[in-house]
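First subunit A sits with subunit B, and in the next complex the same chain sits with subunit C.
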Partner chain A sequence: MSASAARLGLVGCPTCRLVSRVPPAEAMVCARCLAPLHLRKPGSIRRCWALLLAAVALYVPANTLPIMYTSSLFGSQDDTIMSGVLFLWGSGSWYLALVVFFASILVPLAKILGLALLLVSVQLRSSWRPAERARLYRLVESIGRWSMLDIFVVALLVTVVQLTALAAVRAGPAALAFGAVVVLTMAAAQSFDPRLIWDPLEEAHA
Partner chain B sequence: MNRADLLACLECDLLQADIAYPRPRKALCARCGAVLYQRHAEGLSRTSALTLAALVLLAIANSFPILSLELQGERTAATLAGAVSALWSQNLPAVAALVLFAAIVMPLAELAALAWLVLPAQLGRRAPLFGPVFRLLEFASRWSMIEVLVLGVLVSYVKLEHIANVETGIALWAFVALMIAMAAIEANFDPRDLWEQATAGRGWRRA
Partner chain C sequence: MPERIPEALAAPKSGRSLPLVWIVPAVALAIGAWLSVSAWLERGTQITIHFRTAEGLQAGKTRIKYKDVDVGRITEIALANDLTGVIATAELVKGADKLAVEDTRFWVVRPRISGSTVSGLQTLLSGTHVAVDVGKSTQRRRLFIGLEQPPAFTTDVPGRQLTLRAEDIGSLDIGSPVYYRRLQVGQVAAYELDNDGRAVKVTIFINSPYDRFVSANSRFWHASGIDMALDAEGVRVKTESLVSLAIGGIAFATPLDDAEPGPIAADMVFSLHRDQAHAFKNPDRLADSYVVIFDQSVRGLQPGAPVDFRGIVVGEVAAIHTQYDPGSKKIAIPVEIRIYPERFTSRLRGGAKSGRLGRDGKFVAGLVERGLRAQLRTGSLLTGQLYVALDFFPDAPHARLDLAQSPPELPTRPSALEDLHATLVSLANKLERVPLDQMATNFSRSMQSLDSLVKRLDTELAPEARSTLAEMRKTLAETTRTMGDASRTFASAEKSLAPDSALFAELADAAREFGRTAQTLRTLADYLERNPQALLRGKAEDAR
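Let's look at the complex of A and B:
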């Protein structure tokens, strides 16, 4: 019967990977690299929920407020994230439209739903499909960074166009909300401890 | 009891014993499939070479324009630092800080930490502050987003094409090369190898 290190009274160092016997509570540091040791990340579920709910709250303004104001001789225009996607689609760059749609709209949504599913299943101490949930966690963690795409696009457009006399691009309030969503969901994914997915299984076998 | 051949999966905590011989190049967790380690015989020397190259590329990428635009005879160019200051002057200091953090500070921190740790290890020495710098490296590699920036430049290019005559700058190609170098570092660098090298020498408190 395979078992987790914690169950056997051992702990793996998250920094240098050394496996050692769990030290007494007042000296929970790795014997080799002196990094703090935790059997499971402290307050993982609570912290993850808090960051996730903050991200959900900001997801709404991020998608409804304008992310960019463009003005030129031909008039002015407010762009939301979605209208930016539609602009790319309409101008024939459908492949880039898909990339931006994926990075700016689908990825944050998938991260929020995925983390919520993981949190609820862990809180219910579910033993349902742990390998798939572990894979979901890895997916959520690895795709998160791609949402920064729109922030970089706005930054570059604002900079290149701002100095010309004929047109101006200004960043809108959604850039702030969207940037916060990216940071909050990434921090939420990092505060989740995937080892919690597996703990109920061992208890069921024990 | 600290046994070097014991592995605790970082993602599911399953305790496993490493295979001593023949040592596999890559090991996956038997239960959850997470990567336990990936070793290359030349991993550390490749990492140090790539890190030095990446540092040079990062310097070039931050000193030259990424894109430039020509509109009615007027030419404007955007560097990465220029983008940060443009956002700052538009009363979005938090967004400016985020771009500064993810595209400049964290990539620099990641490469500097790698160089700090790996180059002395190559000479059989252990860098001072090894543990804290290693933790900085892990943090920085999560938040440095060069590959996302490169895609962002591509999207910006297409959007600008419709407004004016847009040209790519040297920094864009430096960023593309940097993205490839950093992907190669990720494929070659194994933290376990570095720790084994670093702790093989004297001066480590053995438990």
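Let's look at the complex of A and C:
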């Protein structure tokens, strides 16, 4: 039966990758490069929760406030993410609507829910389906950057469409919130220590 | 192998007790809350506007604009409960709620093309919007009735609103121009029928600074259409402008002799005249009624027809009645006329009050004594329009003005045409008295004797005349024969006198001989003149 490094009293240096034995002290540094060493990411769950809650807090204005102001000869308009999706759907570009809906609404929501699930399960020291949860974690970490699609669109339009009199596009407050949501969820995923998924299993075996 | 793994170094514990990481969600919450709160704060006042139709309005899209600045938008459109219109719920932006006061007006800006103006064309591209005219009241209000037409003037335009009273609206419409010296200075803002339905109340708005040219004495008239006048100076055509020709208009002016333009009372109502001449006519404040009774047909006389004194219109026909007089069993036609005594007043002679036909009627009674009579006259032979003429007929039969009657009756005199008619009738009567039968009998008798005379001539004279004629014909034949002989004689004479005849040649020779003889004689005569002695001595030898 496999055992984790921590259980064997070993710790790896995240910087120079030197494996050391855990000394009988509360804090330790790498014997070779003097980088701080931890058996598990310190405060991983707490930090992850904090970032996740921040993301949730900003997810609401990101979806309710306008992300983009468009003013043209034909009148001005402000769009939320959802109204953009509905517009695309209504104008027949249902595939684009799906892409935007998936990347801008579903993915951040899925990330938030996934991370919340991981955190809760780890805190409950659950041994439920660790392999699937590990796969979920990898998924959450890898799809993070794709949520920036909307921000890219807005940033492009704002810089390209500036025909003062004819048409102008400005970013709305939701763009800021939405960007923050994406960054915060990525940071939360980074701060999560996936080793925590396996710890309860090891204890159960022991 | 674990023995060969080095041991990590122990490190002093970091003294961080407060986990900084919780600042992140705190900040995020704060930002989120701030965004939400600010969005909520920016949510302005909700107002409700009733429109007749939602044409061009879109919930969530249609803007409310004041001076072309977005001040809100329509958030919801619903049918009114009684289905007579639509109720648009609008949200005014933060700070624009002071627009929503008691007398604020809302209307939908659509492309509009009326006679004088084209407006709202930009909405063709940008879609309709709702425009606001902010009222002056301070009383807040949440429920409004949207206007169907854009108001002719907005509250913030300085100027003055006036009320005119017109007999009819003519071709005026909201927005029709108001002219002062042919300059457009305002427009018609509204019109409505008077409460009693007898006149139209037209509300006009005169823009500042032209509103100071309006005084209590200003005259207003319809400037629609063309005013054509034919007079001694020729044909004159007058119109304010082509626009007013098409859509009507109002012009006004203030009389020049209006030295002290009085202030206009707030509830003053001006009257709108039908043309300029009418507007500038002195208003008739006094009117005296009289009745004139005509014995003739009044066909062509209408209420409103002029009453004229030697060419000056001094009144008008008020009414035409018929009256059966049971005493004389006759039907008379009393015509009620109204005379404006002020038109007799003369401004030339300082006392503008003098010359007025006295109110007590004694003055008129005096005039009647001196022969003042009313007479029906034809104004135009073409149309047969009649008018009542007042004039003096000193030879008219005596009449008196009965001042006890109300209205008093002015004596009349048959009209000139009627006089002519009477003359013709009397002429016909005289003709009738002529003994035409007798004259005809005499005439036929004369004709008979003439006839017998002709017959006698025929029988007695004709045969003799015939024999005379036959003899004459014979004589003529003989004469013709004689003439033939004569012509033959002439022909032979002609032949012997022809230039190539022997007689002519001999005559020519003789003439030549005679000429030569004459020459010789002339030579002899010359010689004898120069040498008279030759008669005695004979011809001398030439001295060589």
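Simple rule for what comes next: the second predicted complex is superposed on the first by the 178 of 206 C-alpha atoms of A that agree within 3 Å, B and C clash if a C-alpha of one lies under 4 Å from a C-alpha of the other, contacts with A are read in each partner's own complex, and residues count from 1 in each chain.
Just so we're on the same page, contacts are C-beta pairs under 8 Å (C-beta built on N, C-alpha and C of every residue); 3 or more make two chains touch, one makes a residue touch a chain.
Remember, it's a predicted structure, so these values are computed and weren't measured experimentally.
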Query: Among the partners subunit B and subunit C, which is in contact with a greater number of residues of subunit A?
result: B
Field: First, second, both or neither for A:Ser20, with subunit B first and subunit C second
entry: both
- prompt: Which partner does A:Leu184 reach: the first (subunit B), the second (subunit C), both, or neither?
  reply: second
Message: For A:Leu156, using the defined touch cut-off, is the partner it touches subunit B, subunit C, both, or neither? Pick first, second, both or neither.
response: first
- prompt: Looking at the overlay, what does A:Ala55 touch: subunit B (first), subunit C (second), both, or neither?
  reply: second
Message: Applying the document's definition of touch, where does A:Gly43 land relative to subunit B and subunit C: first, second, both, or neither?
response: second
Message: One more residue to check, A:Pro200. First (subunit B), second (subunit C), both or neither?
response: neither
Task: Mind working out whether A:Ala31 is in touch with subunit B, subunit C, both or neither, as first, second, both or neither?
output: both
- prompt: After superposition on the shared chain, which partner residues are touched by A:Leu8: those of subunit B (first), subunit C (second), both, or neither?
  reply: both
Subunit B and subunit C contact sites that coincide on subunit A, given as residue numbers: 8, 10-11, 18-21, 31-32, 34, 180
- request: Sort out for me which residues of subunit B touch subunit A in the complex.
  value: 1-4, 6-16, 30-34, 37, 66-69, 71-72, 74, 76-78, 82-84, 86-87, 90, 92, 94-96, 98-99, 102-103, 130-131, 134-135, 138, 142-143, 145, 148-149, 151-156, 158-160, 162-164, 166, 191-192, 195, 199, 204-205, 207
- line: Contacts from subunit A onto subunit C in the complex sit at residues 8-11, 18-32, 34, 36-37, 43, 46-47, 50-51, 53-55, 57-58, 60-61, 64-65, 73-77, 173, 177, 180, 184
Message: Under the stated contact criterion, what part of subunit A meets subunit B in this complex?
response: 2-6, 8, 10-12, 14-21, 31-35, 72, 84, 87-88, 91, 93, 96, 99-100, 103, 130-131, 134-135, 137-138, 145-146, 148-167, 170-171, 175-176, 179-180, 182-183, 186, 190, 194-195, 197-198
Task: Using the touch rule from the top, collect the residues of subunit C that touch subunit A in their complex.
output: 2, 5-14, 19, 21-22, 24-25, 27-29, 31-33, 35-36, 39, 61, 63, 70, 125-127
